[in-house]
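All remarks here apply to the structure that follows.
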Amino acid sequence: MRYGPLCRVTAAPKPKTSEAHKRSDGRTGWEELRPVFLKASFLSSAAGSAYFEAGGTKVFCAVHGPRAWASSSIDAVVHCEVRWAHFSGRREETRTAAGGERSRPSESATDEERELGASLARTLGTVTRVEMYPKSRIEVSALVLEDDGSSFAAVVTAAALAMADAGIEMADLTAAMTAAVVDGNVVVDPNAEEERRASGTVMVAYMGNVGKVTDLVQTGEMEIGQLAHAIQTGCQAATQVRGLIKACLEKQAGKVLKKRGRGA
Amino acid sequence: MPKVENGAAPVGLQFGKEMGTLALPGEEIGKLVDTTPPHGLQSPQDQKRAVVRLGSGVTQRGSSLLSSKAGKVCFDGRRNKTWVENNQKRYVPALEDMVIGVVEERHSEDVRLDINGTDTATLSSLAFEGATKKNRPHLDIGSLIYCRITRASKNMEAEASCIEPGSNKSWVGGEALYGELKGGNVIQVSLGLARSLLVPNGPVLTTLGAKIPFQSAVGVNGRVWIQSSSTEHTVLLSIAIAKADTMPADEWKAFVKKMLEQAT
Amino acid sequence: MLSGAEKTYIEAGAAQGIRADGRGLLDLRPVTLETSLLPTASGSARVRIGGVTDILVGVKAEVVEPHVNAPDEGLMSFAVECSSLASPDFVGRGGADLNAELSQLLTRLYASSATRELRRGLALIPGRKCWVLHVDALVLDSGGNLYGALSLAVRAALRVVTLPRVVIIPGEADDDDEIEVNEEVFERLSRSEDAPVAVTLSAVGGRGIYIADSTSEEEACAKAAITMGVNLAGRACGAVSGGTGGVDMDTLKSMLKDAVRVGGDILKTTDSFLQDDIARMESGEEVEPVGFFS
Amino acid sequence: MPPATKRSRSRGGGAGGLEYISLDGLRIDGRRPTEVRKIRCSLGALSRADGSAYYEQGNTRVLVAVYGPREPHSRASIQHDRAVVKCEFSTAMFASPVYRRTWKGDRKSTAAALVMQKAFEGVILTASYPKSQIDIYVQVLQNDGGALVAAINAASLALVNAGVAMSDFVVACSVGFVDDTFVVDPSSLESASDRPELTLAVLSHSAKIASCQLDSKLPDGESFERALEFATSGANQIFKVLEYEVRKYSLNLLDSRGLVAL
Amino acid sequence: MEKFVAPGDKVGEVRSYRPGHGVYVHNDILIASLVGTLITEKPTNGETMPLLRVSSSKYAGGAPPLPDIGSVVTAKITKVTPRAASVEILVIDGRPLRELFKGTIRQQDVRQTEIDKVEIYKCFAPSDVVRAEVISLGDRHAYFLSTAKNELGVIYAKSRAGVAMIPVNWQEMQCPVSKAREFRKVAKQ
């Protein structure tokens, strides 16, 4: 059994301690993130793996490959599967909302899971230097264990960490963040309760150093100015998360080196 | 009357009463008749004359000739050949056809070309004038190649070549007729239009050429390559040529005139 | 397969503001819109773009129980099927992933609060009975801009949906209220104008260059794309990104603005057309369908 | 618009005591027993397919696309001496009056696809296209009875449109048996699972039978022959329409090539 | 001083550095594409600028290995036909693989001389281990490998008796127990 290094980071920005900005989970700023917990390399069977926690949202991600893949394109193909666990608190909701008659056996992916899987694959396809891995396929699977809001953003972030952990060449570390419009205010990293009350949410995946948005998923109704503001705020927060991913990787690298040092 | 080319009357063949015009699959277009004189003697020339050649779209059942496609019944008196002409989208390779192919796969000794046909064609990387093992063109996937068909058999993959018989212009000089088409744009037109564009001094290209100078290469497989001094001109030319497919002649002339006026 | 020449031609053209079919960057191809072509559906529409992309939508209605979370709203369920007619790739389960993505986009567009009034109009007895609209779309032919064509066809079909009038019969004493469907009188949906239309902008060529209503050849060259739902209020109601290139922030912001503008134009044009169409239908005048239905 | 919906629904409801043939010998929709529903069709309706056709027979509407002859996608299915004909039959979810979730590849669709594959394998000159594949895709948009008949007729048109060589032209027609009378081309109101129905596909020029399906049994052998007669006469009526359309289409096509003589 | 970098970190500019392993160039800026420590290598003969590369923390050589043109692989023969031998690639440039990659040694790529006379059966047998070079990314199913160099070919083979054989010359191996000789395309040690 191999244990990866742990890394607990409490988000830095210090509250504007105004009562007016108090959020349902006790956060005191619209742009304050929930406490984050990151862990990499805990699965020895996978090329790379990551666990990401933001408040009550918990996500697992594993990367396999690159594997030999017969495909017409020369560049590597990134294939992703995203699932919400039955007990995550989200899946049940999406199922019945689709209309009772059309619900499918729970083993197969819902339309939303397929859509987000494809969306994640595009994001990772954007950041990965696919030309470095010809004729191969990189497989990513993510599982949302608990969904307390901003879960797809957590999936993207965890996947980026797992890809980096797998030693796959990427143009940048991408990190994602959700911003929601709740009671007319743009709040970052909303929890499930805030997401339910939100008139609109937008998830952005952002390459903080290269400065490119790699994915965007918006739901609900938003004014265009508000949307642009939410995207901007989301990207700033995502850049912050990018720093946390890097810190986790650095810590892990230190441990690996130390272990090697002992061995020698 | 069938569309008759090269005036001579059919020998050993009698067209049915619905001679010419249009035939449907299964329809009898004519009958084979015995031309042997009663005394049983026939000069070798006459024997040769009496050979009835069946082209595409014609099948034989007993002494009946049946159409196997919907189209116009045609007859060539010089070769005593009958066929049914129709306009299909897919190209069927025929010997010495000039086609435009797109490199679909690269192998060490040859490339496979997509020629818009039922099957691909192979083009040896040595099938260029003056090409040697050491010095031969580098053909990337997606390159456009103007070439001629040197082997066409329904049982085997077609073979293409960029060597022009009777010419010794090397592939390096850029003067050879066949070879890679660089720059410009390629459009897809019907096989019928492509054939009509190949007629020397044909109306479409001549009309356009009088207004805008350009280079073109026409493949009988329905691909037309156009290159002019500016993207804008190439766009106009592409649209005009594509329109010639569906517009009656007068309407097309008027359209081209109007389009060029608007453009300038 | 797209050749290298076509690719550079499309990219170079876009950089100069010209497209292969002569359009400007944000111009649309001609759209053919027909409604009410399926006699057995409550509403139907067919949209063709540029004579290549072809979508047929049929809406059927049933009375069901509403969802627990929204007892005073009716339901809408979306299913898109890419027919094998459009490409041999869709044979069997071949189109499953694309079907899921397209269905999901529609679900996303209609899930927002922007169409709440439309859903409320489908409620019959709160918590017990409501209409469900089964919106089924068939992709018959695909030549680019599937999202746009699909959303337009769905919106047009919803605009012309008519449902039989439902009378609520108050229950006696402890009995619950019951409903009676009057098959003689048909009514149009209320607030169907709230339905959004999706606009896809695809980034091709250099930085900051993007096009609307792309053809399949242009889509093959696109590095990134944003699809956004736009309603009459000019708001975003559901957006997703596509492609594997990423977009910088400035380009993204201007894309969002342009998407709203393009979407607004589409809504204006189609609504005026639909109004004429509906008026003519109500006056009993036959609308001559075009295309293969003629 | 909905009047049509209303009418068919209310009639369907009272099917128990419905009279299929009126006293003056006319059917519910006013047709004579030997009369085929109104047919409308067009060739080349789709842009990407090699051949396509839209076909309407009464309220039954189908679209058919033909792809090929092309390189087979799976190596396993290659036949070195002939082309492989594949067929897929699918029905739109809104095709029938009652909403029903349909799936590709259910039993009925698979059976229909098989009938078509067999019928067209016999008529396409497959030996002319070795190592290739010809796909026929059927999409039923509206089904008011006789979807298979419409699909076969549309497929014939689409194959002609694609320029696929065929030894003959296939035309199909069905015959139903209601109130002791044979009715040509029954609509969905006239057909029911327990009533006999014969679907016949014939080769229009050689008059050979390409396919013959009988659902439920007929009273005796003699009536089978009568049914065949009715179906053949129906097929001939249909062929006249199709032939006219094909000629019209081909002429237009060859005329637009007139630019050569500009 | 060792510097820790992650993908996306700017590490230098093209006017002063050359990109090495795990570093790419975007808009004239050198950016890391791997997690690890940044290493600056002094310019070697002929080069003017120092090289920047990332030494990955997890694997000895960085990213998981993938067959590439020119890499020397160790592979196991799985199938032999008159036209080609199929292999499974086990090791690439000295690094073991995590995933299964298939390769093909075609008749014309077995040796340098008398290409037309090659009989695959006399060169390889299933379960032999060979050293080969990747010559192309091959077709959809396999990489194309070559053993047409002296140092390439069979490096380990068992005799019928199940004992590892000893090379006799470049085309024969011998069983140390039974002394029986078998034909192989033997790699020069």
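Which chain is which? They are A, B, C, D and E, in the order written, and residues in each are numbered from 1.
Throughout what follows, contacts are C-beta pairs under 8 Å (C-beta built on N, C-alpha and C of every residue); 3 or more make two chains touch, one makes a residue touch a chain.
All of these numbers come straight from a predicted model, not from anything done at the bench.
Engineer: What is the set of chains touching both chain A and chain D?
Structural biologist: In this structure, the chains that contact chain D and also chain A are C.
Engineer: Counting hops between chains that touch, how far apart are chain C and chain E?
Structural biologist: 2
Engineer: Measuring between mean CA coordinates, which chain is farthest from chain E?
Structural biologist: That would be chain D.
Engineer: Quick one: which chain's Cα centre is the longest way from chain A's?
Structural biologist: B
Engineer: Centre of all protein Cα atoms: which chain's centre is nearest to it?
Structural biologist: Smallest offset from the overall C-alpha mean is found for C.
Engineer: Taking each chain's centre as the mean of its CA atoms, how far is chain C from chain D in angstrom?
Structural biologist: Distance between chain centres, rounded to whole Å: 31 Å.
Engineer: Approximately how many whole Å separate the CA-defined centres of chain A and chain E?
Structural biologist: Here chain A and chain E have centroids separated by 36 Å.
Engineer: Counting in whole Å, what is the centre-to-centre distance of chain B and chain E, each centre being its mean C-alpha position?
Structural biologist: Result: the chain centres lie 47 Å from each other.
Engineer: Spell out, as numbers or ranges, the residues of chain D touching 2 or more other chains.
Structural biologist: Correct list: 70, 101.
Engineer: List, in ascending order, every residue of chain A touching at least 2 other chains.
Structural biologist: 74, 101-102, 127, 207, 210
Engineer: For chain C, which residues are shared contacts with two or more other chains?
Structural biologist: Where chain C meets two or more other chains at a single residue, that happens at 79, 134.
Engineer: Would you mind writing out the residues of chain A in touch with chain C in their complex?
Structural biologist: 93, 96-102, 109, 111-112, 114-115, 118-119, 122, 125-127, 199-200, 202, 207, 210-224, 227-228, 231-232, 235
Engineer: Which bits of chain E are touching chain A when the two form their complex?
Structural biologist: Listed in rising order, the residues of chain E that touch chain A are 4, 6-10, 22, 24, 26, 31, 33-37, 56-59, 62-64, 66, 68, 98-102, 137, 140-141, 143.
Engineer: For a test of understanding, state which residues of chain A touch chain E in their complex under the given definition.
Structural biologist: Interface residues on chain A, with respect to chain E: 41, 47, 64-68, 70-72, 74, 127, 129, 132-136, 164-173, 207-210, 242, 245-246, 249-250, 252-253, 256-257.
Engineer: Within their complex, state which residues of chain B touch chain D.
Structural biologist: 22, 24-28, 56-57, 59, 61, 66, 68-72, 85-90, 118-120, 154-155, 192-193, 196, 199, 202-204, 207, 244-249, 252-253
Engineer: Using the touch definition from the top, list the residues of chain D that touch chain C in their complex.
Structural biologist: Residue positions touching the partner: 1-2, 4-6, 8-10, 40, 42, 45-49, 52, 54, 56, 59, 61, 63-65, 67, 70, 73, 88, 90, 92-97, 99, 101, 104-105, 135, 137, 139, 141-142, 144.
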